[in-house]
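In order of appearance the chains are A, B, C and D, and numbering begins at 1 in each one.
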Amino acid sequence: MVDATVNAQSGPRGPKPKRVISSTNIIIYGTLFVVCLYYLLPLYVMIVTSLKGMPEIRLGNIFGPPVEVTFEPWVKAWSEACTGINCEGLSRGFWNSVWILVPSVIISIAIASVNGYALANWRFKGSEVFFTILIFGAFIPYQVMIYPIVIILRESGEGITWFLRLFNEDASAFRLMGSLSGLVIVHTIFGMPILTLLFRNYFTSVPEELFKAARVDGAGFWGIYFRIMLPMSLPIFVVAMILQVTGIWNDFLFGVIYTKPETYPMTVQLNNIVNSVQGVKEYNVNMAATLLTGLVPLVIYFASGKLFVRGIAAGAVKG
Amino acid sequence: MAVTDTGQTGAGAKKPSPLFKNLTAKIAAIPMIMTALVVFIGCTLWTIYHSFTKSRLLPAPEKWVGLENYERLWSENRWIVSIENLAIYGACSLILSLTIGFILAALLDRKIRFENTIRTIILYPFALSFVVTGLVWQWILNPQLGLQNVVRSWGWETFTFDPINNADIVIYGILIAGIWQGSGFVMVLLLAGMRGIDEDVWKASRVEGIPAWKTYIFIVIPMMRPVFVTALVIISAGIIKVYDLVVAQTSGGPGIASEVPAKYVIEKMFTSQNLGLGFAASTMMLLSVLVVLIPWAYLEFGGKKNG
Amino acid sequence: MKLTTKLLAATAMVAASSASAVELEVTHWWTSGGEAAAVSEFAKAFNATEHTWVDGAIAGSGGTARPIIISRILGGDPMHATQLNHGRQAEELVEAGLMLDLTDVAEAEGWADVVNPSRLLDSCTLDGKVYCVPVNIHSPQWLWLSHAAYEKAGVDVPADWFEFVDSADALKEAGVVPLAMGQQSWQTNLAFGAIMVAVGGTDLYLDVLTNKNAEAAASPEMTKVFEAFAAARLLSEGSNVQDWNQATNLVITGQAGGQIHGDWAQGEFQVAEQVAGTDYTCLPGLGVNEIIATGGDAFYFPKSDDPEITAAQKELASLMISREVQVAFNLKKGSLPIRGDVDLSAANDCMKKGLAILAAGNVLPDGVNAFSADTQGQIDDLTVEFWNDTSITVEDAQARYVDIIEDAD
Amino acid sequence: MTYSVEIKQLDLAFGAVKVLQGLDLNINEGEFLVLLGSSGCGKSTLLNCIAGLLEITDGQIYIKGENVTWAEPSERGIGMVFQSYALYPQMTVKGNLSFGLKNAKVPKDEIEKRVARAAEILQIGPLLDRKPGALSGGQRQRVAIGRALVRDVDVFLFDEPLSNLDAKLRVDLRVELKRLHNQLENTMIYVTHDQIEAMTLADRIAIMKGGQIMQLASPDEIYNRPRNLYVADFIGSPSMNFIEGHLEGGSFKVDDMVLPMDGYDFAAPQTADRPATIGIRPEHVVTGELVPNAPLQFTVDVDLVEPMGSDTLVYAKLGQHPFRIRMDGQAKVTVGETIAIGVDPSRASLFDKATEDRL
């Protein structure tokens, strides 16, 4: 699939419209213009709503530009909006998301790239079977696995505690369930199929002779990985990073189930802020909060351009 | 042959045990093996087993009740509604996103200007979370202040479009949001497939004077079959998992009009404290995924072996 | 009296001497304005000790919060104290040995004597041991009416449910939504319960809820309840809000005539600085029968292996049930205190009405305590579907209700 | 005698597919051995087995008298050059050359010395600080050879090293390789499908087919005395003319012609009569004024003429049998013409029709 998307950059294939102004051209550009409006509309609405005051919103036109621009809603969404008696706004969720994101991205990519490398270059008996299971796993609805994972996290947490107390009787209980490390594990697990596929395909496309040459040169499993494969694979690591950053940032389900309120990621907190209301709904604050949450993936999207396209095409199976 | 005798003492003379062959690779693959076996297989089997038990708040493997949970599941109106919603949402979003995606891809493939800009615009919603998507559309479709209100203020006083509160059309409101988010992605996939087609096909059809639309329908689409199948599988897998979008946009309301199976499972497991029923429902979800997946896997992998 | 005070002091001293300052994380789903104000009374009182209250508010209704709370307890990461509806829902957690046994505190402080009605403590008790602290009494069967709305419509504020139904047309003409209703399913279920008591009478209510009598559920009296419920659903057109407090807000602002909701709605009126009797009217038992169901919130304390935390948990438990905190909390919350021996002269008219009924002993069990979460969820689904889909007939709905009651546990 | 590389009863199977079967091969010290065959014959596979990049199913491999059957590639004392050069793209030329030495923990000054020497031999000194991406194909292949060179090994393995180069460069590098071999006197095992490379470079050629060695001999032997029909057909361009007939009493009979095989060096002194195939190389046919001196003379009808500059290839018919003749570039032949040709039986080859072995 990655290869297919590389083709997407290879230039249009369709017939070229002949003249600049022709009825065909007017239809094509007209349609595309309308389509672009449809896709841009929500972004536009988010922005203008977040810049209006509540009285203006109640009066008026959802599509109208703000008469009086105010940044109050942004400030409120970021640092004042309440869920319960915590009125710290989205900022807490933002930092939680960052703390979830950074280790999850690093660990999941590290593990998956080694997996992919082992599958591509160091096949062993059964490796393809595990890989097939892994890929099928990408399609299993999370709902099927959510509950048993709660148990696994609890038991491993207790196991680790038991282990720690072998050395230090006063060691405090180690918890995976509800903690950031638990969520990091969950993200690593569920990111694994697609990332492994991504890396496996990439490493398979690296000429086998390069790998052979390195072996003749006396490099082993890790030597080849770190010295040969890793330096060659920066683009695919960037693609994987984009994939994971957007995926993990946008996660809601795991965030709800495997964390607790203090560690809620931004998406969950956003939903709480918008859907838990004190008195009147403040649409402008809601939209500012929504935009703030969408900002990280949007920035990554606009900054990464074609790499993002490759990433999502590769990550498609993640669903 | 004195060589042979001394040779036997060489370091490479002994065949290593097959267990230690590639040992580092095997150790490095432990996370993958654990995930595959413990999580994907183990957890799935665990859930399936417990769907036949009377587990309530806690798993109760000893209380075997056979198909009772499944009987209850299919007698529950909310589950039926969830399935119906999923069917409507699924069918519409498959057809619409493939159609829209294909048309857009075809338009973008006609050597137009600003191709990159337009593609960027169409694809950006895909970068957003379902929660964000759901909340934005909840606001746009707000009957008092959103789209309906604006159209009415333009003079069309009787205009009614309220897919947030009207139970009959609420699922279409979610569909609009879902299409908005996902169709750009389908477009990118199909565009990639389209670009994979040999340019000579176009030259040939032009030489023979076949109109462009006919070329698309009779030549290009059949040639893009593998891409369509991939897109189909991906969209389907995504549809079955749809959860956050509904939670954010409608919370399943009004009433139970926009409930979906994924949400049903979560709520039965955690809110209603009926794990067995939740497991039964999630097993049904798994089954529906397999219905899509197995024929695809057969075509994709089984076919290759024969060909 | 004196004895209890002494005991309380004694427990507190024991706790204080054995425990250094710890942080207790407390989860709850009280996030609306009135609720949040009330819960901060707990926090304030607890912070006044050497311990610290770490607030773990979970937005949304109990439906959102309960799964989070339970999955954390089961997942080996329990909070130190948590709100839960007592009764059936927590039973399994207690049976699994996950909850702290509070019997020693309860016996030392004589909870059995002070908690009124005693059913509340019974709900917390399993095999003779106390596992939770009831903190307030919910009475769901109230009708809240907006004076502003009736002024607009030019009719008198009704005195009971039947008058309210009659007045609906006038309200509609004045552009007022007669009945505000939040979209979440537990709210329709709550309204259903209220109408059941008002229209069907207490005998029917008890027969169905306590005895799980399917015949009673199929009786013609029950049909009347469903008919009344069917009539009520027509009155809520146009109230497109999700949360109960948004619905209450419609009543406060006069956009809706009334709302069937629990006494905790009181807190919202209070936050909006409205005065009972002049700005709004509250009718317990929907004004039909002076009776209220007493469900309520309770706090559970998941077991911890840290003795310091256990001590602090017990301290918090005794604090929550203490007289001063009960008064402060319930005044803000708009709910009734769980002990009969407190002075609530500061209470407003509505609370006093409730207190009077309570004192008279006209109390019923609440569905939340009578049914398992599973059954409760099924009734939630049925009522919310019926409410929103007018094509479902009374007969269908009742038939499904009978099925649910038959299988109820 | 000590062999440089000794392969005994080598078996290699991928599942049920047997790629190499019972293969024996001894390579002498300092020998340039070419493994030649069409694609899929197992020549690269064999090379990979020698290198230790493929795990064999059965048999033994010795290098310099040491059993290396299960040794790591880097422990075998080999250097390898690949078709696609396989240079590490992120390292400079110097990095590429020294990577293996660093892995082997060779001291720094020693590395410097060896790299400098290799650079001098291959004349890539000025390229040392460049990345492979900035090099031409020929330069890349030199670096790849250099990478094997610095390892200071006894055996060099080449896996079609010239196939990715254009025709002219290929010839240049071929010559250089030969010179290098003369200079270094290492054992070299060289895989190719190109018979010109094989003929020009090899001390001995091993022609492989279906995982087995068909003939292992010097280029001259292979060309003039192919051991079987396959080798005869494979070597030489345009390929040998084959005519099926009978061997009877020392003469080859086809149709109504009888060709006395006087001067033919039979493998066995008394060769019984049998169905046989005669093979005559197109370039061993004489025409024009040389015909009268030839032991055997025929006339053929010209079907098609392909002038190729230095030579002219004539497609003709000898009776009903198609017959190719390689003539001088100056020869004037027209289609339809009947011309006289001469053949020397001592330069022909005879094969048993059933076994296809040389008679």
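Heads up, the rule we're going with is that a residue touches a chain if its C-beta (ideal position, glycine included) is under 8 Å from a C-beta of that chain, and two chains touch if they have at least 3 such contacts.
Computed from a predicted structure; not experimentally measured.
Which chains make contact with subunit A and with subunit C at once?
Of all the chains present, those in contact with both subunit A and subunit C are B.
Indicate the lowest number of steps between subunit B and subunit D, counting one step per move to a touching chain.
1
Consider the two chain pairs A-D and A-B; indicate the one with the greater count of contacting C-beta pairs.
A-B
On a CA-centroid basis, which chain has its centre farthest from subunit A's?
Centre of mass proxy via C-alpha means gives D as farthest from subunit A.
Centroid from C-alpha atoms only, then distance subunit C to subunit D, rounded to Å. What do you get?
Result: the chain centres lie 92 Å from each other.
Where the centres are mean C-alpha positions, what is the separation of subunit A from subunit B, in Å?
16
Would you kindly tell me how far, in whole Å, the mean C-alpha position of subunit D lies from that of subunit A?
Centre-to-centre distance between subunit A and subunit D: 55 Å.
If you average the CA atoms of subunit B and of subunit C, how many Å lie between those two points?
40
Among the residues of subunit D, pick out those that touch two or more other chains and give their numbers.
Only 52, 72, 75 qualify.
Tell me, which residues of subunit B touch at least two other chains?
Counting only residues that touch two or more other chains, subunit B contributes 21, 251, 266, 269-270.
Would you give the residues of subunit A that are in contact with at least 2 other chains, written as numbers and ranges?
Where subunit A meets two or more other chains at a single residue, that happens at 151, 257, 275.
What's the complete list of touching chain pairs for this entry?
A-B, A-C, A-D, B-C, B-D
Which subunit B residues qualify as touching subunit C in the complex?
Listed in rising order, the residues are 56-58, 72, 75-78, 81, 143-144, 164-165, 167, 251, 253-257, 266-274, 277.
Touching subunit D in the complex: which residues of subunit A?
Those residues of subunit A that touch subunit D are 207, 209-210, 212-219, 223, 227-228, 231-232.
Can you check the complex and tell me which residues of subunit A touch subunit C?
Contacts found on subunit A: 82-86, 150-151, 153-155, 157-158, 173, 175-179, 256-258, 260-262, 272-273, 275-281.
Along subunit B, where are the residues that touch subunit A in the complex?
Touch residues, subunit B against subunit A: 18, 21-22, 24-26, 28-29, 31-33, 35-44, 46-48, 59, 104, 106-112, 115-116, 118-133, 135-137, 139-140, 142, 145-147, 149-150, 153, 180, 184-185, 188-189, 191-197, 199, 202, 206, 212, 227, 230, 234, 237-238, 240-241, 243-244, 247-248, 251, 262, 265-266, 269-270, 275, 278-279, 281-283, 285-286, 289, 293, 297.
For the complex, give me every residue of subunit C touching subunit B.
63, 66-68, 70-71, 74, 89, 91-93, 96, 183-185, 240, 242, 372-374, 376-378, 381-382, 384-389, 400, 403, 407
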